[in-house]
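Both of the next two complexes hold chain A, though its partner changes from chain B to chain C.
Right after this comes the complex of A and B.
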């Protein structure tokens, strides 16, 4: 098959950290996929933002969340950053999240992001987010509110080519 | 696709079968980082749906499951932490579902050889053009630090997957 799904960068933590940033993302792909498999040093929430923009208020999001007893939906608008989780996961827990950045380098469109978040102890969720900026996405950051991602946490960014 | 996303194994059933199992995955631990299962399944359960169960390394303990979904009239969320329901990962078609219809789904298993617990991301649907159907997004955790060397799929209520069911296992390399 054609080389349409390629790893751009990956990191497996050898020491704990509170932020992961993929920078200098090339514009040669159509879409991006970020696979996160963090283990938490503490009970913490974590969030994402792009291009170092954590203060513009240009992010919005709609979410569907199940916590094991009920389903709920909510929205966030005018945010500076967006959270990947809604219910704070336990210390030492392991999650999987998958983020799809559609058309990330197209400078004619705002950027849509699909997020699937999984923590079997607290929440499974789907989110659709928008960054109201036409700039190409050149960096993606995942950061904690407190404590750190633990050793062995893995984060990988893939690029998908439409042609 | 590139070697980053490559078929490892597949099962396409020409007769009913109690389970689908992919073994020998330890030999891929240095070749691939993540596993992806793409499924198209129908069981002999006497209902329009069944649940799908997963087992790693023939180990029957340490699983938990949480899901959110809808059936066309209501949305809800479930959590299972006790055997055998803790091994559920999603919904598939049962024997009374519309003829020739099979549930579709994907199961993503990152870092399958790591010494961390294994966290799965799952989507399954059983659309059949009937009055009710299910869609679910789900998480399952296998709280075990062993590398995954085998993956076994089984119907939860039914005894067999029916002819025409299929599962494809892909390996994804992160470098």
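Right after this comes the complex of A and C.
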């Protein structure tokens, strides 16, 4: 019998890279959870997009960010990609983030993604993102604006299957 | 199974998966439904915690936001605190005791709210129950993100049912609620 919550793929970097892509994601799960634990080789921002779509302008998000002294909210609309961080992390720092892709293969709905992001040096944040496309998500990419994810950075994609 | 009266596609029965298992799922069919209830028929006994993962929309007209309420064992919850963000401001407050998910209305075509609800030690008979939720919706121009913390202190009975509804209006078609059990 199929597992309910199982790893689809995992990557622990043996060499630095500026992009991680999980591709050929099967449509057999209900939700996807992507857990990232990147270490940065430079001070950099990083972003995500799905299905190779990094130019359609179909992404948007609402965010809640705490930076150690205050909480704030912001919004991104009509974007080609969405950033996971709000404040640029320091070089060599390590972050954790968890992304929930709800009903990622449901072709009746736009895709809603819930994100929790933590960088002990700069911020803790939550985000809700929208990809205004009803296509099933078949790939997820995480990429940097500059520099690279360092050796040892870890990314794991899980599938959750409802009864 | 399709129930044309309730307009719900539902399934139940655990899918084996180690310490995290699927208990039951409801997908709302054409016409929507006034409420969704998960009831313990004995299947919850082997779990320590429950998690509900949802994708939800209100059938209300217009382009605004409604709130999904949750009741436990047919009782209202006791307390609710939240952190809220709407794209321009962030605030904390005390809200409607049953509020767990802020959802878009039907004017936001194809847009649904996402939510992950954790119900810890649901079967304890010595503790009040705490529920935490990460929920949010973005519409490309509007949106609400809320972290809820709810308390159920009506009694310390084990939780045996969860009901979700939106005041005065149906939960819309394609909304999806999935209940999972987590073992210790």
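Simple rule for what comes next: the second predicted complex is superposed on the first by the 161 of 163 C-alpha atoms of A that agree within 3 Å, B and C clash if a C-alpha of one lies under 4 Å from a C-alpha of the other, contacts with A are read in each partner's own complex, and residues count from 1 in each chain.
In the analysis below, a residue touches a chain if its C-beta (ideal position, glycine included) is under 8 Å from a C-beta of that chain, and two chains touch if they have at least 3 such contacts.
All figures in this text were calculated on a predicted structure; none of them were measured in a lab.
When both complexes are overlaid on chain A, the residue A:6 reaches chain B and chain C alike. Once the two complexes are laid over each other on the shared chain, residue contacts for A:61 go to chain C alone; chain B is not touched. Within the superposed three-chain model, A:23 lies out of touch with both chain B and chain C [touch as defined at top].
By the touch criterion stated above, A:80 is placed in contact with neither chain B nor chain C.
In the superposed model, A:96 lies in contact with chain B only, and not with chain C. Contact with neither chain B nor chain C is seen for A:146 once the two complexes are overlaid on the shared chain. In the superposition on chain A, contact of A:113 is made with chain C only, not with chain B.
Residue contacts after overlaying the shared chain place A:35 against chain B, while chain C stays out of touching range. Comparing which residues of chain A touch chain B with which touch chain C, the overlap comprises 1-6, 64-65, 71, 116, 126.
Contact residues of chain B toward chain A in the complex are 1-2, 4-5, 33-34, 64-70, 75-79, 108, 110-111, 114-123, 137-141, 172-175. Residue ranges of chain C in contact with chain A, taken from their complex: 11-18, 20-25, 53-55, 83-92, 110-116, 134-141, 143-145, 147, 174, 176, 178, 180. Contacts from chain A toward chain C in the complex involve residues 1-6, 30-31, 60-65, 71-75, 77-78, 100, 102-103, 106, 108-110, 112-114, 116, 126-130, 132, 134, 160-163.
Those residues of chain A whose C-beta lies close enough to touch chain B in the complex are 1-7, 10, 35-37, 39, 64-71, 93-98, 116, 118-126, 152-154, 156, 158.
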